[in-house]
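Sharing a structure, written as structure tokens. Questions coming.
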Amino acid sequence: MTENSKPIKLMYFAWVREKVGRAEEHIEPPEDIATVGDLMGWLKGRGPEYAAAFERADVIRAAIDHTHARSDAPIASAREIAFFPPVTGG
Amino acid sequence: MTENSKPIKLMYFAWVREKVGRAEEHIEPPEDIATVGDLMGWLKGRGPEYAAAFERADVIRAAIDHTHARSDAPIASAREIAFFPPVTGG
Amino acid sequence: MAVRVQTDDFDVGAETKVLTKGRTDIGAVVTFTGTVRGNTPDTPISSMTLEHYPGMTETELERVEAEAAARWPLAASLIIHRYGTLKPGDNIVLVITASAHRQAAFQAAEFLMDYLKSRAPFWKKETDDEGRGEWVDARESDDKAAARWQTPSKVIT
Amino acid sequence: MAVRVQTDDFDVGAETKVLTKGRTDIGAVVTFTGTVRGNTPDTPISSMTLEHYPGMTETELERVEAEAAARWPLAASLIIHRYGTLKPGDNIVLVITASAHRQAAFQAAEFLMDYLKSRAPFWKKETDDEGRGEWVDARESDDKAAARWQTPSKVIT
């Protein structure tokens, strides 16, 4: 295992969580998965539940280690990445 | 006494009241006193305390029967006219 | 929709509860509480006395409240203004606005405060720590704050 | 300056008292309370469940609060946000801002609400009177409300 492929904790919230069917998991994406966007694309191929969850990838938001992250944000140093719909608190 | 010269109740507030030396009084201005501005000018001539109170006539505000009134507002039908500094509540 | 002019203190929590009790059409409640500043190096004020014009005060506050209700979809509103002698830290004024949405509640509360500050017949006299009283000057910024709502004021001309 | 994320209800009056007790440098206190609407013809909602992202929620709320304190001269502030299952009429969120002057208190409270609505990781699911749950869609108007403050958000790019 290279340094880039250390496990990342993924967390899912709201309807992303419901569609994926779990709240969190640990993954080890291939080395060519460099950004949040790459990761969403890769997750889509992991099964029909992921395909359904990330079908509307353009509306899904992400956070890296508790900070909002754009689709082009690099994931190399991420410990925890979360995927969720636009927030609706307040 | 003509209809125009029926007594008007005057009320004074804040430093206008302190300078005039009373909170209210009834007056019967001459018939040629037509507006709030005329009335302030006429009051000025009633003694040194009035002259002091209305010296800065441009900053004094007025109300006719509980409604803010400008200097050119007619006083013919007024029952109660109040003079006071700009308000500072809230 | 209510207006109260009183010497007694008020309780923002209790007033909010009364206004919203049993209501499920309200999504947003904004309260504004104005308090007496003082006894600080900048403002060595030991007390403040509020004089007002009984009768006109209530009329103006009701007018201001009705104006807000005409401009925003308010579910409820309340204005309480105290008069008499108050100490630093004491409450002066309370405005509560409730609406389905937050923008209406916020804007109506700001409007009520800006508008009552420029129209409600109250005058503040500050007494400093040596017993000297001085009438507070109106602030030009308050007139400007009211003017931004660009509403024709009720004035006899 | 404090942030709390909790299932328990809050008391706007009690929180205001704690924040302002003994303070004579405060002239203005603004509170915003967001509540669950529902059980009306327009919104036949019987309950609302708020999910959040523990850890990130606190971080974002603290960031939002720090941003407000950097932009306005606040004497005190508080954000409380509930999660879990709530009923129509229940409190969701409380924001309190205190300042020497009312404009700062009003603007900071509006900013906190606009900003937390667009950044704090909470998601609402409404359950209607027939037991059907549906995730609430984000409103474009909330993004616009946040954008008007024209502040560079903390985002990893």
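Letters A, B, C and D mark the chains as written, and numbering starts fresh at 1 in each.
In this text, a residue touches a chain if its C-beta (ideal position, glycine included) is under 8 Å from a C-beta of that chain, and two chains touch if they have at least 3 such contacts.
Here's who's who by UniProt: A, B = Molybdopterin synthase sulfur carrier subunit; C, D = Molybdopterin synthase catalytic subunit.
In this text the structure is predicted, and so the values were computed from the model without any measurement.
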Distance in touch steps, counted as few as possible, from subunit B out to subunit C: 1
Of all other chains, the one whose Cα centre sits farthest from subunit C: A
Rounded Å distance, subunit A centre to subunit B centre (Cα mean): 74
Separation of subunit A from subunit D, taking each centre as the mean of its C-alpha atoms, in whole Å: 27
For subunit B paired with subunit D, centre-to-centre distance based on mean C-alpha positions, whole Å: 49
Multi-partner residues of subunit C (each touching 2 or more other chains): 34, 102, 113
Of all residues in subunit B, the ones touching two or more other chains: 90
Each pair of chains that touches, named by its two labels: A-D, B-C, C-D
Subunit C - residues contacting subunit B, complex: 34, 50-53, 55-56, 59-60, 81, 92-93, 113, 116-125, 135-139, 142, 153-157
Of subunit B, residues touching subunit C in the complex: 11, 13-15, 63-64, 66-70, 72-73, 82, 84-90
Residue numbers on subunit C that touch subunit D, as the complex places them: 11-14, 16-17, 20, 22-40, 88-89, 100, 102-103, 105-106, 109-110, 113, 145
